[in-house]
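Labels run A, B, C and D following the written order; every chain starts at residue 1.
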Amino acid sequence: MNPAIYTQTDKCCGLTSLIAHVRPGDCVVIGGGLSSREPMAALRELVRQAIGNLKLAGSAHGIDVDLLCGAGLVAESAESYVGFEQDFGMAPNYRRACEAGTVAVRDSCCYTLVQQLRAAIAGLPFMPMRSVRGTGFMAMHPEYKTMICPYTGEELLLVPALKPDVAIIHAQYGDAHGNLHIEGPPVADILFAKASKKVIATVEQILPTGQLAEKGVTIPYFYIAALSEVPYGAHPTACYPFYAYDRRHTAEYYRLASESAEAFNGYLQTYVCGCESQTGYLEAIGGVKTLGRLASWRQGVEAWQALYA
Amino acid sequence: MNPAIYTQTDKCCGLTSLIAHVRPGDCVVIGGGLSSREPMAALRELVRQAIGNLKLAGSAHGIDVDLLCGAGLVAESAESYVGFEQDFGMAPNYRRACEAGTVAVRDSCCYTLVQQLRAAIAGLPFMPMRSVRGTGFMAMHPEYKTMICPYTGEELLLVPALKPDVAIIHAQYGDAHGNLHIEGPPVADILFAKASKKVIATVEQILPTGQLAEKGVTIPYFYIAALSEVPYGAHPTACYPFYAYDRRHTAEYYRLASESAEAFNGYLQTYVCGCESQTGYLEAIGGVKTLGRLASWRQGVEAWQALYA
Amino acid sequence: MPNPNQCSLGEVMIYQIARTLEDGILAFHGFGSPLVQIALHLAKHTHAPRLVLVAGATYGVNPGPPFLTPTSNDWVMDRGAECHLDIGELFDLAASGRMGRMFLSGLQIDRFGNLNVTRLGRERLQIKLPGGGGGCNLSCDVAHVTIWIAAHRASPDAKGRRRFRLVADCDFITSVGHRTAEGKSRSEMGYRGQGPDGIVTELGVFDFDESGHARLAALYPDVEVETVRENTGFGFPVRKDLSTIPLPTREMVEFIRALDPLKIHERELKPEERARSFPLA
Amino acid sequence: MPNPNQCSLGEVMIYQIARTLEDGILAFHGFGSPLVQIALHLAKHTHAPRLVLVAGATYGVNPGPPFLTPTSNDWVMDRGAECHLDIGELFDLAASGRMGRMFLSGLQIDRFGNLNVTRLGRERLQIKLPGGGGGCNLSCDVAHVTIWIAAHRASPDAKGRRRFRLVADCDFITSVGHRTAEGKSRSEMGYRGQGPDGIVTELGVFDFDESGHARLAALYPDVEVETVRENTGFGFPVRKDLSTIPLPTREMVEFIRALDPLKIHERELKPEERARSFPLA
C-alpha cells in the first residue's frame, strides 16, 4: 500500500487520541536522540494504553527505548545503540529484556538505517551500500542481500526498505495543520517522517501557521496524521530552548531500573501509570521547582553547567 | 579518486582566478534554475577565458546554458530542460548548436539527475529507480542498465553516479571560509555541491562567519574550493532579495540570439568579451538606473508586477 | 476588454484542467505551464481546498502568488507558501506513490498518451525541443496524469498540409502514456502510476479507453467532432455520451483574472484562438 | 587537586588520541566518548587547526562547547558551530571517501582490530551491549580509524581469572578491522577505508603490522611490555623501535581542564587508573 498523505485542516487532539493511532504489533520509530527531544510524554501514554508487541527501529536511543522495554511493550529492537552513554552506562530494562529473550535482538547501524529509510522514501525495494559486509550483522539480518555491481564488478550490499507504521516525534513547535518546526539537531526525525506511513507528534507549543512558517517548517504537514500540544513533552530529556536534560530525574530512573524489574515497576507506578496526564506527571517530578531548574540553563554557562554537576 | 575537502581559511579570490578552476573538457553543473540565481557573471568569465569542450548536466535551465552554447563552449548537454518558458520560448543558441551537431544531445530528466547525484554523494556506483524504462531516454543513454529486484522480482533501472568536475553556484551570501547561504529555492544546488569534485561560487556579499552562521549555512565550507564576491552576479536572472529578473535585458538577449549566430556575437561583444569585468558589465546594462529598476520589486506588488508588464 | 458575461478560451481551458483535480491529493505543476499553474490555484480555491499544491520550480507548498509571472522560478510565485520541498523530496513523493496528479504536455502527443518534448525527427534531429524536465520520471510514477495542449488545431499550411500535434506515434517518447513504443502496457512495465486519464485541448477533452487509446469525451460548444478529426493525426473512438464541456462561473473567471493580470496564460494560446469566447455558466 | 606539574592518565590518553589526527581532514567523534571528543578539540587547538571537526550526536561542525556534558546530544556541545550536517550527510561523507578519520572502541577488541559492542556470548546471548551506533558502517568506509580503550588492564578476579577486553577473537564483529571472521582482508572485501592504524589504551599504543595484526608500538612510562602481555588475550609482536609515549604540554592539559571542568572524561577510566599521574612534557 502506498503511504498516505494527511490534509485535514485541524489535526490537534489530546494525547489519548494521539496515541490511539499506534496499534499493537506496529513498527515504531521514535524521534530525537539520546538525552534530547525524545517524545517521552507520548511514550508514557503508550505505556498507559499498554499498546505492545512493538517493533522498534532507530539510531541512538536511551531512556525512550528503555522505558518501553521496562513496560514490556517491545517485541523486537533494531536500534543501533540503546544506552545512557558515559553518564550512567548500559540501559537496564533494555538489557534485561534482550537477555531474557523477550525482546528479539535485531541491532542495526546508523547508515544502514538511513539507507533503509531512504529506500522507503524513494519508493524503492532496497538501497545499495558498501559497508556491513564482513560483520556479524550479516548473520543477524538474513534479509540483507548482496549483488555484483554491473558497473564496477564489486560486491555491494542491498538493504530492504524500512517503512515504519508510525513515527512518534516531539518538536518544539507545530501548527494546527501539522507543520512541525524542530530547533537544533533533527537527528533522524526528517527521515522517519518521510519514510513512515504516518507521523504523530507532540509539540511544546502550537503556533498560528503564519508564525510557524516564519520560523521555518522542518517537516511539512502532509506527513503528519495528528499532533498534541504537550509542554515538557520530552522530559526528562532536553527540549531546548525550553528546558535542559533532567539529569537528576534520569539518575532516579536509572537507579530504580538498575535495581530490579520490581523496583522499576515502582517507577512506572509513580511517574507513568499513576499519573493520568502530563499535568499529573509534572507534579510528580517536582512541579514548578523542577521546571524552573531545567529552564535555568538560559542564565548562562555557570547555571547550565550546574545542572550537570 | 575520492572527492576532496577544502579547508583553507580564506578562499576569497577574484573572478578570473575563480574561473581558472574550470578546465577544458570538464563536466560542469550550474546552480540556480530558469530565470533565478544563475551564476551569470561566472559564466561570462568562462566565456572570456574561452574554457570549452564542456559537458553540462542539470535540470531546468535557460539563459545560462544558452549563453555557453552561443559562445561555443559546450560539447555535450545532459540537461532536462533548456528554454525560456512561456516568456520567450525555445533557447536559440542551444537549439542551433544541438541541431548543428556541435552539442551532443544527451537529455536527462530531473529525478534521473537527482538519483545520479545521490549515487555520487553516497559514494555508490549507481542508484536504482523505477521510471524512465519504456521511454526514448533508454536508447539515448546506453549507460543505463536494468536489473531484476531480488526482493520483488520487478525490473528496476540503474543509473550511474554523476560526479561533476565542478559545480558553479551563485549564492546571496558567503563567508571567507566558503560557507554559503542560499535564500529561496535551492533548486539542485545542494545536490550539485555534495556530488561534485569541487564547488566554485560567486556571492552577492561576503559576511563574517558569525553573521553567516546566524542566517544559516546552506552549503558547508568544506565543499567549496574558492569564492568571489560579485554583486549582481546573477544578472539578468533574479537574485532576491537583491534584484528581480531583468526581463528587458533578457528580451534583448533573446532577440539577438534568435536573429542569428552573427547577431548573437554582437551581444557577446557588447556584454561579455567587451566588458573586462563585472563593473564594466554593469555599466553596459545601464548602470545604476537599471539596477535601481531591478531593486524596485521591494516597493510592493504593483512595482513588482510592472517589471514584467 | 473582457466581456463581463463571457469568458475566454484560456479561462475555459483552465477550468477544464482544474476539474481533473481531486480534493485532498498532492499535485504538482511543472514550469512553463501557466494554464496549469492557474488551474491548480482555481481548484484549491473552489472544489479542492485540501489540495496540497506544490509549485513548479520553487517547490513551494500552497503559495498565494499576488500575480502570475512570465517565468516560474520567481519569488512572486512563492509568496505565502506554507512550507517548501526540495527537488529530491518532490520527486521522491511521486516515486513513493504520494503524488496524486501531475500535468504534462508535449510538442507531440500520441494516441496512447505518450509525449515528446525532446526532439523532432526520428533518424536525424530536425528540431531540438527544450526537453521534458522531470516529466519522464513523473509520467511513470505519479498516480494520475492530466495531459493538456492549447495547440491541437493544426491549420493547413500554404500547401494544404497539416503539422499535427496529436500524432499517431511520437518521434521520441519523453514521457509515457498507456503503451510504450514496443507496445508494452503500463502494468507490464511495472510503473507505479496509472498514467494519463485525460487530454484537455482547445477543441475538446479526451479520456482513454480500456486499451489505453485516446477517446473523445467532450467538445467545446463551438467545435464539431469533424473539426477534431481533421486536426488529429490518428483516428479515435468517440464516447457514446459525448458531452459539451462545462463552462466556468463568473466567480471562477474573476479569480483567474485577479491571479493573472498580465495574462501570462494567453502566451500558451495561438493568437487566433484568443478571440474565442464563451458564455459564463 | 591536579598537580600543576603533573598530568592525569585521562589527559595523557586524550593527547595520544589527538596525535592520530592529521590536519586538514574531516573527522568525526561518535557519542559516549568524551576522551575522543576532547582529543578532537585539542588537535584542532594545537596541530590541526584546519580539521573539520564533526561532533557526534549533534553533527555540528567546529563547535566551541563551553564545557563537556555528560551526554552527547546536548545543545552545550553544539554552541558556536560553524555549520551543521545531518545524519545522512555525515554518513554519506564517509561512504564517498571524504571522512579522514573516525574513533571506535569496543567491549572486545581483537588482534585484527575488529570490535564488539553488540553482545557477549557466541551461541547464547550472555550480555547485551548497547550497540555500535554507526561504527559498523564507518569502520568499512572511513579512510582511517583510531581505536581507543581505557580498560585494557584486565585485573584478575577472586579466582585469578582475567576477563580480557583485548581478545583473540570477538564474540560478535560489530565493526571490522583488518581481517573478517572468515579471514578475508579489507581489500578482498572492497572496503573504501584503510581500517584502523592504531589502538590507544591506558597501557600502551599499538599499530598494525603488514598482516593486519596488532603490534605494540609504544608504552606509557609506568608500564612494562610484560604488563601489556599479561593483560592482552592474544600474543602480539613488538616494534623494534618500541618507544615511550610522548606526554602533553602544560598548555595542552590546561586546555583539557578548561574544556572539561566536570571531568566527564574520567568516567571512561576505571577508578584505580585515575590515580596515575605523569610529568608534563
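Here, contacts are C-beta pairs under 8 Å (C-beta built on N, C-alpha and C of every residue); 3 or more make two chains touch, one makes a residue touch a chain.
Every value quoted in this text rests on a predicted model; they were computed, and no experiment measured them.
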Item to complete: Go through B-D and A-D and name the pair with more C-beta contacts between its chains.
Response: A-D
Worksheet item: So how far apart, in whole Å, are chain A and chain C when each is placed at the average of its C-alpha atoms?
Response: 43
Worksheet item: From the C-alpha centre of chain B to that of chain C, how far is it in Å?
Response: 28
Response to the item:
So chain C residues touching two or more other chains come to 84, 95, 141, 192
Practice prompt. Note the residues in chain B that touch 2 or more other chains, in rising order.
Written response: 122-124, 129-130, 154
Worksheet item: Given which chains touch which, is the overall layout a line, a ring, a star, complete, or other?
Response: other
Discussion item. Taking the top-of-page definition of touch, could you list the pairs of chains it picks out?
Written reply: A-B, A-C, A-D, B-C, B-D
Item to complete: Flag every residue of chain D that touches chain B in the complex, lowest number first.
Response: 24-26, 50-52, 61, 81-85, 89, 92, 95-98, 141, 192
Worksheet item: Contact residues on chain C for chain B in the complex?
Response: 31-34, 57-60, 66-67, 69-76, 78, 84, 86-88, 91, 94-95, 116, 118-119, 125-141, 172-176, 180-182, 184, 189-192, 261-262, 264, 267-268
Worksheet item: What part of chain A is in contact with chain C in the complex they form?
Response: 2-5, 7-9, 120-124, 177, 179, 194, 209, 213, 217, 220-222
Item to complete: Would you pull the chain B residues touching chain A in the complex into a rising list?
Response: 115, 122-130, 145, 147, 149-152, 154, 156, 158, 160
Worksheet item: Which part of chain B faces chain C closely enough to touch in the complex?
Response: 33-36, 59-60, 62, 79-87, 90-91, 94-95, 98-99, 101, 105, 107, 109-112, 114, 118, 129-137, 154-155, 184-188, 190-191, 238, 240, 244-245, 247, 301, 304-305, 308-309
